[in-house]
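Each of the two complexes below includes chain A, the first together with chain B, the second together with chain C.
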Partner chain A sequence: MISVLRKKSGEGSRTSNGARTSLLGLALSFPPLLLVLIFVGIPILIGLTFSFGFTHGPNRVISLIGQQIHVKNHWWGTFAAYSDVIHDSRFLGDLGLTIFVTALSTFLVIVMALAISIYQRLIGGKRASILVTLSIIPLFVPVVISAWAIHTFYGGDGFMRSIFSHIGINFPTLTSTPSAIVIGSVWTALPFSILMISSGMQAIPDVLIEAARDCGAPSQKIITNILIPLAKTPIIIAMSFTAIGILGSFTIPLFLGPNQPTMLGVEISNFFSSYNRPQQSLVMAFIVFVAASGIAVSYVWSNVKSARESGRI
Partner chain B sequence: MVIFILGPIVWLAVHAFASNWQYPNLYPTGLTLHWWSQVFLDSALASAMKNSLITSPIVVICSMIICLPAAYAVGRIKFWGRRAFMIGIFSANSFPKIGLFAAIATLYYSLNLMGTFVGVIIIQLLGTIIYMTWIPAAAFAAVPRSLEEAARDAGASKFTVFRTITLRMAMPGILVAIVMSFLAAFDEAQGTYLVGAPAIYTMPTEMYSLVQNYPIQVAAVFSLLLALPSVLLLGLARKHIMGGQLADGFQLK
Partner chain C sequence: MHPVSGRLININPWRIPLFKKKIKLSLALVAAAALALGVAAPASQAVSQTIQVYISADTNIQDLWVKTLAPAFSAAYPDYKVNVTFDLHGTHDAQETAKITAAAVLHKNPGVDLIDGGFVTTLGAAGLLYHPNPGLLPNIANVNRAVLKAGLGGIPYRASSVLLAYNSANIATPPATLDDLLTWIKAHPGKFTYNAPSGGGSGYSFVQTVVDKYLTDADRTTLVQTAAPALESKWAQGLETLRQLNKYTYGQNGTYPANNAETLKDLATGLVDMGTVWSDQFASALKAGTMPANIKVTQIANPSLTGGASYLGIPNSSTNKVGARLLANWVLSPAAQNLIVSGTLNGFPVIPLSMLDPKATAAFTGVDIQHLRAGYLSANANDLKSAWATAVPGK
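Showing the complex of A and B:
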């Protein structure tokens, strides 16, 4: 509908001042682009050269301060810092934990968001809207607080252990285990996925669901053949944002996770400040970035595909 | 579900008023306001609160000035590189924050931004860009052109049309973007700590040391104070966020 309107109104002005509006668009979008280029693009590029052993120019100060710095021995640099990281047994443990936590948490978030959204779409009512509102609350709680609250709640003298000890069960202390990272990640990531998926489900026309019901389709068929396929794009968006967020998370694993192995977000910070090995720290950041980019591509691809299907491109 | 979501928050909130709490009791030994006075009388904590309340609004206003025109352009003008712009902003956001801050530190040293107010503002600004461009862009794109044309036909000036129709209809989306940006700025701890410490502490960075050095009740009081602005904003924007403004913003069009 919007795209149709846009096409109609665009036709009149396109011929004479198409180039001018195009320039205007570029000019208006320049400030945020500049900010991102200077403070994200350039640091990342400089960091990339540093990780390959370019220790001069902007990398001079950090090369003097840091320890175990590898200097390039070819014109293109050196892989020494990468090889350090890959052969570090601690890194492998961290990587395993990061992948495990990201995969499990993303899976749980999507399953919970799907369950709540489907419940709201098919059954609805007051209870469903209370459930959705409840799940949105973590969006408004600063991460430091959520991490700390979950830390005390599942800790040695926390609520979970207290209440179970009253009925004679020894509930395990979850704080400082991978389980606590998963709980914390799910807790903080749930609102975004619920918002994405439930709004996707609400946009599905009633007619489709009613028609299927009239033909005698059971709820399960409606869910697998109508609701999930039609909400595919928001589901993939929710999935990729959740996974990228958890992959690079820092506060949640710092407060809730074990000291060793820990997630890569924490290890990047440890290597940078505690161990003073900035080169290895940046290498890890690039490894996480490559993984996150892989997920980001699936997000962009899903968006472009859905835009093409609905005729927007 | 109620226990999973609310349990940790309530548990922490009760600690803020507890004089003493012994495992495995389900309620504290006594209630007190002692911890609250301790927080307000502690000069380090008070200055962290002041810093947070100054920086976050400045970050949001800067973000609006820098990003809203771009959001309008992306939403309304079909210019070359529009999609690449959106994807660029998104991919900048998917680099692990902690690694980015480590990389930014190098640049900050050479620009003399380490430990400065401007440095902290820029760090927090980076986290708001994606909200301030994507959500308003979708909101601007959704304003029906026919309404604007009708107003123009009825004799309204271009500026009046923009103010009374375009801006007003896009307002819920902009409001959601403001709320999300404020939360992102207010919440930002890792970068602020790396760049600001030891000169500038905000509430979240103070929280890191608080957790290690103070009794749990003080951290609980501080958490409640830290959550206060968010709760106020929740009341303000809940309707629009649940109404799909946030969700619309994250679908590339």
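Showing the complex of A and C:
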């Protein structure tokens, strides 16, 4: 009897302990959740309703000021602003350029980060450490400074053209081209990916690599069968962060890209301030938002997967 | 025990609890009183004596206010403090307009007493500005009536114009008309540029001038005064002319500098021989030495590049209209206008030249500063920027 009671009371205290911990967890995560909900969630919702032509309430002032505002003609709103954007001759070019720059830059960043990380992991030594340290430097240079630096480096009167003209070669002016946006994006995104992927590679135990070497596996096999699969989670995280960052970039395409087509980050700003078409700029923002969410899903999936593998959930 | 330290302990008043308590209490009282005074006194002063000025412009206008006008005004009126808030290139014009509109609707303090920015006339058209009258603002009597009327409640306080800058080392006689300029551009590929209209007013002015070439005087006037979406289809011919210039302008593949500063840089480094620039920015660069002396400016005709007055606005909902009026009136005085003309800005004055220092106004020979061709109303200008981006670059 006593033992049963004891057992029950023990169980009881364990449950209340568990409940207390989960309550504490909830209380700790509540303030940031509330903050995100109020300062990010609600404005997004208001923006979404405005893009569908709800021009009253919190959207009243902006619809008084903006031009080419479409007012809803059904209970659920109107697609007129979305149709405006899709039928605008600039939009497809902008979307194409945004996707092209994001895909190419992310690919280049990941390939370079992998190369440096694998070099550091397999060969190592002083030279590899110096290389990694040097590659982190762009992290400490503000984007606007590096954008101007790249602009003067590749511009019409820039360093590259001056050097090449001395040996009689007409180096192309890269500013105002998509190539310059890719160069700038790679410069700004590379350090984070290197930090992420190289730390992932460092965490792989030496035993695995040595065992593979003992069995006579060539370096190529070690890279494709051990290093990359075991560092998959950090690679996916680096990839998704890089892609989301470049997708929404503004400074780099503004300074280095062509006037038209331009990346959606710049076009959203043009539509919002220069052309005073807030509704259309919101529509574009939602298109970028949807694309970024697609990338974010892969990030969350890889996080969940790694948590499950390590037994945390 | 050391005798000295023992004596010290005995006479040290901080060691006596009651005394300590008293000191603590009085310190707390003093602190509380100081806090109360500190909060109360400046707050009551702040309402009447700080003038909140909001500037939406380029950095040269920021320098004009922060380094020249605000200190000179505070020297003339020591009781007033001018607090300048600056927004580069008017990036937040829409938000600021929204804030002032919302403040007027809700009868709240907008936090701004005097505005210098392109959106002042928009606020004026919406009836949100205090209308200046000579009784309370005596110096507006010296300002051109038509310019004052065009402000819709805005107070004109300086002017500037877009001009054609050219490298006099390579060009002996610059084009005198727009047609001459267009012929010159086609004869000298890669040697002319203007910046994207959404990035700065100097490029915008060239675009509007080319578009205006094909419009009647009546249509031009309508576009300056009222929102006229129906007239926008008449821009097609001008935009086609601009598109055809793509292969002759600098870059030669339909790319254009991002902003005013980049056009100036391209001229200064010799990448281009000709470009459109703001009169004040050009004069400042010349004075600072960032623009070589062989780059000169001229105005073209038929039609001329645009220019006009910049307006100050006092929101109706401002809580310090008295201070704002005092500042606006002072800015229109000959002393302040001399600062605008001769200081780092090199702006055009809005009061007759005869009232100003003749040394300062000597620079205006050759440029007619009394008859500036106006830019479109902002709603039409926004649409022209968008139409240009659709029809011209990269096509």
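Going forward, the second predicted complex is superposed on the first by the 297 of 313 C-alpha atoms of A that agree within 3 Å, B and C clash if a C-alpha of one lies under 4 Å from a C-alpha of the other, contacts with A are read in each partner's own complex, and residues count from 1 in each chain.
Quick note on the criterion: a residue touches a chain if its C-beta (ideal position, glycine included) is under 8 Å from a C-beta of that chain, and two chains touch if they have at least 3 such contacts.
On a predicted model such as this, the values are computed, not experimentally measured, just so you know.
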item: Partner chain(s) touched by A:L104 [first = chain B, second = chain C, both, neither]; value: neither
item: Chain B versus chain C as contact partner of A:M284, first or second or both or neither; value: first
item: Partner chain in contact with A:R161 - chain B first, chain C second, else both or neither; value: first
item: Partner chain(s) touched by A:S176 [first = chain B, second = chain C, both, neither]; value: second
item: Comparing the two partners chain B and chain C, which touches a greater set of residues in chain A; value: B
item: Touched partner set for A:S89, first chain B, second chain C, both or neither; value: second
item: Touched partner set for A:P138, first chain B, second chain C, both or neither; value: first
item: First (chain B), second (chain C), both or neither touched by A:Y275; value: second
item: Contacts of A:I209 with chain B and chain C, given as first, second, both or neither; value: neither
item: Touched partner set for A:I62, first chain B, second chain C, both or neither; value: both
item: Overlapping contact positions on chain A, where the chain C interface meets the chain B interface; value: 61-62, 156-157, 255, 272, 278
item: Chain A partner contacts - residues on chain B that touch it in the complex; value: 1-2, 4-9, 11-12, 15, 21-26, 66-67, 69-70, 72-74, 77-82, 85, 87-92, 94-100, 102-107, 109-110, 122, 125-126, 129, 132-133, 141-142, 144-146, 149, 183, 186-187, 189-190, 204, 207-208, 211, 216, 219, 223, 226-227, 230-231, 233-234, 238, 241-242, 244, 246-248, 250-253
item: Footprint of chain B on chain A - complex, ascending; value: 2-3, 5-6, 8-10, 21-26, 28-33, 35-36, 39-44, 46-47, 50, 58-59, 61-62, 131-146, 148-150, 152-154, 156-159, 161-163, 165-166, 187, 190, 192, 195-196, 199-200, 202, 233-234, 237, 241, 244, 247-248, 250-251, 255, 264-265, 268-269, 272, 278, 281-282, 284-286, 288-289, 292-293, 295-296, 299-300, 303-304, 306-307, 312
item: Residue ranges of chain A in contact with chain C within the complex; value: 61-62, 64-67, 88-90, 156-157, 173, 176-177, 254-255, 258-261, 270-278
item: In the complex, chain C residues that touch chain A; value: 90-91, 93-94, 97-98, 101-102, 105, 196-198, 250-251, 253-256, 258, 266, 269-271, 378-379, 382-383, 385-386, 389-390, 392-395
